[in-house]
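In the two complexes that follow, chain A is the common piece, with chain B as its partner first and chain C second.
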Partner chain A sequence: KSITTLRNQPWRMKKKLETLKEAQEFIEKFEGALGKGKGRKFYAYKVMMLKKWMKFKRDFENFKTACIPWEMKIKEIESKSFGSSVASYFIFLRWMYGINMVLFGLTFGLVMVPEALMGKPYGSMPRKTVPRSESSTAMDFATLWDFGGYAQYSVLFYGYYNNQRAIGWLKFRLPLSYFLVGVGTIAYSFMVVIRTMASNANQEGGGDDTSFNFSWKMFTSWDYLIGNPETADNKFASITTSFKESIVEEQENRKEENIHLTRFLRVLANFLVLCCLAGSGYLIYFVVRRSQKFALEGLENYGWWERNEVNMVMSLLGMFCPTLFDVISALENYHPRIALRWQLGRIFALFLGNLYTFIIALMDEINLKLEEEAVVKYNMTIWEANLYNGTLSENSTRPPIEVDPADVPRGPCWETMVGQEFVRLTISDTMTTYITILIGDFLRALFVRFINYCWCWDLEYGFPSYAEFDISGNVLGLIFNQGMIWMGAFYAPCLPAINVLRLHASMYLQCWAVMCCNVPHERVFKASRSNNFYMAMLLFILFLSTLPAVYTIVSIPPSFDCGPFSGKSRMYNVIQETLENDFPAWFGKVFSYASNPGLILPFILLMVLGIYYLQSTSKAYKAANIELKKKLQNIIKVPDLILTFHFRSNIDNPNSNLSPLMTNVFCLCK
Partner chain B sequence: MLPVTNTVGVQESELELTFLTKQEILLAHCRFKELLPKESRNTMDYRVPMEKILTMPELKSNPFRQRICYVFSTSEAKDGSLSFEDFLDFLSVFSDSATPEIKSHYAFRIFDFDDDGTLDRNDLVKLVNCLTGDAPETRLSQEEMNQLIGNILEESDIDKDGTVNLSEFQHVISRSPDFVSSFKIVL
Partner chain C sequence: MVSPAIALAFIPFLLTVLIKYRYYILLFYRAVLVRRLQDLITGRSREDRAFQYVFTHALPGNAESILDTFDHWCTKIEYLSNIGPKKGKVLDRLIGDMAPKTVLELGTHCGYAAVRIARLLELGARLYTVEMDEENGRIAEKIIRLAGFDDDTVELINGHSEDVIPQFRERFGVDHIDFVFMDHWKRCYLRDLQLLEESGLIGKGSIILADNVIFPGAPHFLRYIKSSGLYQYRIHRATLEYFPGIRDGMAELTYMGTT
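And then the complex of A and B:
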């Protein structure tokens, strides 16, 4: 413990070593004296164990630091060129990777593996077999890439799972597990995001943002990790600009030259942006309806573009619209920090609009499939009757007839369709990102480097030049990708696995691209203050992603012949079923009392009151904080006042004593 | 003097008294040896002169590099030369796991250009000039400088004596969210 105290002293190493030696000599000298008598052996043993424990703790700390994945890579990026803002993107990526690993563990271990090991094998049931009509193309690469064929009829998607209540010798309740894993992934994600937000808010120390503006700019603006002269020059320029800006802002009196023109231009820019957003929303809706038409007519008649139209359009919109917004924002003439906020807000609105249009279109498709399902059910009764044609009368019990599972007519499993759509979207999004990196960054860098010799103007400083690493764009892309995973994970248990692979590859590809093809930013933005902003966006997306999944679970009946909930009227009935069958009777009664609306409504009211109370106490604490600060500043001023009064009273009346002065001062102190 | 043995053996006391991990101390060892001239490669109590230290890539672009050398140097000649112990001290303060108190203490000493224990007006002027770079077009004009210094003293100088002492400095720095993450050097 004394060593920790020593370490925290800002002394020279030599001095610390001498003190340490002295302390150790002292201890050795008196150790014998301390341990005399009965307890001596025990004391020596205790000391030895303590030493061993400290050593073990230190080694464990070292080991833990060595185990953090990609720590060296990120430190390299931080120190070699780019400072802490680019590295913060990679730290965020690593954190997302951690979350996805946990989600992957849950879905893989509790859903996919039990069904694969203990459930019925492929080919034993209609839902687990490729239909006869598709079996000729089931192994084709094109079908597999589209997640049809054998990929569709496997543990990767919802439709494969059997609705048997308990499987295997462990009596593993698969439908219950499927439902709970779905709910658990969302709950875990909420918990982790909120916990991170809370710890970030703690670190920021109560947000005293404006009281030390200049001092912070002076003392903390230099990033000591910068090791590259180019970045250093950029940093100098940005520091100077920020000094000058703050001085000007402090002086106020910003002359609004032509306020009407500026306002008109800003309104125009917002109008253009709204048009873009509306246009992209309509385009996606149109494309999804077209793809439904194609699907009805059979996809074999169309080429690659028609088959992947939806995903390509969404990815292309995500690539080009932000640049368009950038161009439009030149009209607005905002301060760069405010312009960045607007840009982020618009890209966010774009992605959100696209995602929700996609989901609405998907809902239309689900409704179509539900109608189709009713038709198929009717046809199936006819088909079954035909099988028994003439052999038995209707009311007697029928012995099961051996029919090959591949020949049984299938319902259109809408859940698998939803899962497939999300998986395809994720894959195409990944491909677009990687291709953008390769073309936009790598090929551009090659072009600028080599064609520069024979080009009219200087390519490196002029138009194309090297790409900067777009932190906010990449972070938003990551957040939305995660939103898609959260939405689709219930219907396609393979999504977290795909995302883990994707993040893994992204880490290496983007690290390489940053070191090889990007240049440091011209304006170096601090990453730390934006941290909670990105977390807040992630939380918002998480909330929005759970809405569609919850809606479909609660209000749409599951397909009658595929998935672990087939045969039930609603998916959440599995909980009721478990309560009735697996728990003792009194438990079910207690639960039914607890889920009574008469009990739930007061509970919600209590929570709302609790939130209100906590908010008002936190406001009161903040106000008390400000008061205390003011008092601190005033108390320092008191000695000043004492001296002033002392001089004044001495000048007026040199012989008076100080007691009236003191009473005055005490009154002021209060 | 610290009897540093060979490249493999890391002194137990070094490990305990600094904020560095074993790998970091070993790496520091290697880098320090590279800075030594060939003849004295095996005697580790050699002091590396300041010019050599300033060629390190981590310090080359840092505007406070000379101040860092002066602050961490224990040589009697006050020439900014660093022995291996000083080097470890330097890395320990700038490492990830150092406490904010230690970092702010040393930051104060680095910014105190005239070593008088307070940051007075001249120190602050020199500090601003360091931060705005060497090119004449990036420097602030006289009145901008005066206004800036005035604002800083107004914010940080609580006892209004015209200088910022250590406790005032630490008070300002402790509320900054960026200080710990930017006051970091990794080999």
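And then the complex of A and C:
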């Protein structure tokens, strides 16, 4: 048939013969697929399976991309108005959400669910029941909102858990699981953060910022992810402004500056910031002591304001002090990037100081509760003796007395108290953030948009104008919130769950707020460089948050009347107990040999040497990198000289118009 | 009811507001509070007081001296929203570069800008200045005459700009205005610009300089000039007159026409 077709073509004979030869070769090659020769069925089948497999792989890739939560939302934010720096906050938020999901899975699946399903139900033991004195208010919304009443005596907090060694038909070792989940959450978080930091370090190209300033600015300022004409105009204007600023900076560098005055102003600014930090620390300490006083006198006598004083003060300070630091830093006259670093450092110090003051005040309360324990123990023996005196006078046997668990006097439970404080702090922080968004962004935008018609000055250009999205403030807030979760998760297993809900809601609320009420930044700066900085801060916070938890685990005895470790002298004794009872004898021996200091010290020495070796190799690689960069720089020296000369000549004549050159270059970029 | 601790927590907020908006607070104090106080004490209006001061302290016939005296009064004694020395330099440069024959000023107020423009006009050029308020007009007239400009150079028109502009052509026999300076109510910038366009008084190459487009601001005006495509515009960024801390700007428009 193909020969007939060929014959009918209006070609030269030579061409026909060539085509015929090609066709014959083709048939020979794909004989199997075309149905001639042996193994054709198998070959056809193979080809069909291959095609199906490729299609399946492609669909699966599409499915995987579609499955990444909120990807479309983030891309929308990035391209519509805001560029990559705001989107990077939301990517960070999503990553945090992932970590919190894993933590939630661990605490929920391995701690809360086993106790709820297989442990003793509510009301069967004193520690699982609301005391008689509180039962009248246990269901009130106000009590539940404060996490008292039924919320306190449930799987949400430490105090509910029973110290029975193995529960249910699975013989689930709950105390061991509780301890290991606590340690595991911290270990997992460390691992994830360090892994992300390492992969970020790989990607970081980074340029040498001090040389070839104008070249870098000219060729790398444009953000190709912008998809909106208004944003493009904005970006154009901001790049022009940044060029003007660079020129002014070069100008100023030539000017003689009064070093002594600048230094004095900087010292003064730091002194003012220190005063503010000290003031806020003292205020928090004062407020926590006051709340202890209220607690001693009974919280029922005080209104809502007194009960939530601590949380309100911490949230308010966290909101107002950073703006004060911003204003004070105007004295210092730093380059904007350095000023941003100082600002972030100060906010960090503020949050840290507040958090640690809070913890120190909590420690005081824990000590108070420990003292109370001794008193309560004594009272309990008296109460039991009274019970027995009342019913039986048998001295030999003591049959169990039927007492309603709600009536048994309780020992104080400092772990639940700590858990409750952290939960309340998280909730109040969340509320503050949401209310700030609603009032500071949404109401402000409504005001500016609708009252602008009848106001004497232009509300959109001048004060108050639309809000910009405060990236660094939000990222720091997120990091510190996570720090609080890490601190409190051991004592309140419900914290990761609450945080998952909070992050979920935050994502939607902030995405909406950004698109609806915020305007793009005037000066847009790259987010990628700060990424590792935020990761480093997260790592630091993780380390600092685990310190208090570890300290309390190791040095404070658990309450005798609540929690999975009640009755032990220290919480980590559960590990020793498990090793003795659940593992074969030789395992315990091996472990005791392995934990011998004689073995551990050489191991630590080996690790230190390993770190030193890796450090020196990485230094060598970095040096080689810098050499290569230098060689590269020598190549691009000439074009940069031309540009720098052009811009320097504008320094002496600042009024001349930059626009022609700019318009030309940026028309190309657009 | 509210504990003192929570009230103390608001102190950083108050400090921030005070420091960040110190210039606006100062402006409010000088422009509103001091003015009301002086009105109550002396019983005369602010412009009257300004004229008194200039009359007693400036050299008659010397435009520079009058401007300097005005600046001195506005910085040291009270606040008046003239164009000020820094933005005035931009105005001077534009007038000097263009050398217009006919200049229209909307919003004379005290006559500061009128004196400023008139001293740079060449022979035969004329400045028409429109003032809505009669009192201000009288004082401005006195100041302009004090500076030594007669009727040939500066013509003061009393009336609302929306009434004057449509009748301008017939009343004064002027066909084409080279330079327009707008410094009256910001809400009227857009309306007057459109009136000027309709009446055909501005032609290709006419320059319009609008003051205070950023603070207090004329947002509709700016939006119009950006979107209409009839103008090439440039915004001179400066600071509000006599207040180096408050950002402001002047819009310089060059009429391109529909071609």
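Going forward, the second predicted complex is superposed on the first by the 530 of 670 C-alpha atoms of A that agree within 3 Å, B and C clash if a C-alpha of one lies under 4 Å from a C-alpha of the other, contacts with A are read in each partner's own complex, and residues count from 1 in each chain.
The rule is simple: a residue touches a chain if its C-beta (ideal position, glycine included) is under 8 Å from a C-beta of that chain, and two chains touch if they have at least 3 such contacts.
Nothing here was measured: the structure is a model prediction, and the numbers come from that model.
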- Could you tell me if A:16 is touching chain B, chain C, both of them or neither one (first, second, both, neither)? first
- Which partner reaches more residues of chain A (counting touched residues only), chain B or chain C: B
- Thinking of the overlay built on chain A, is A:247 touched by chain B (first), by chain C (second), by both, or by neither? first
- Is A:227 in contact with chain B, with chain C, with both, or with neither (first, second, both, neither)? first
- For A:236, is the partner it touches chain B (first), chain C (second), both, or none of the two (neither)? first
- Touching A:305, do we find chain B (first), chain C (second), both, or neither? second
- Query: If you stack the two complexes on chain A, which partner ends up touching A:132: first (chain B), second (chain C), both, or neither?
  - Reply: neither
- Within their complex, chain A touches chain B through residues 3, 6-8, 10, 12-14, 16-17, 20, 58, 61-62, 65-66, 75, 78-79, 84, 203-205, 208, 211-216, 218-229, 231-233, 236-237, 239-240, 243-244, 247, 250-251, 526, 528-529, 632-633, 636-637, 640
- Message: Per the contact definition, I'd like the list of chain C residues that touch chain A in the complex.
- Response: 1-3, 5-6, 8-10, 12-13, 15-16, 19-21, 24, 186, 214-219
- Item | Parts of chain B lying in touch with chain A, wherever the complex brings them together | 2, 13, 15-19, 21-23, 57-58, 60-64, 74, 85-86, 88-89, 93-94, 99, 101-102, 105-107, 111, 124, 127-128, 131-133, 135, 138-140, 144, 147-148, 151-152, 155-156, 158-160, 169, 172-179, 181-186
- Item | Of chain A, residues touching chain C in the complex | 276, 280, 283, 286-287, 290, 303, 305-306, 309, 312-313, 316-317, 320-321, 323-324, 326-328, 452, 456-458, 460-463
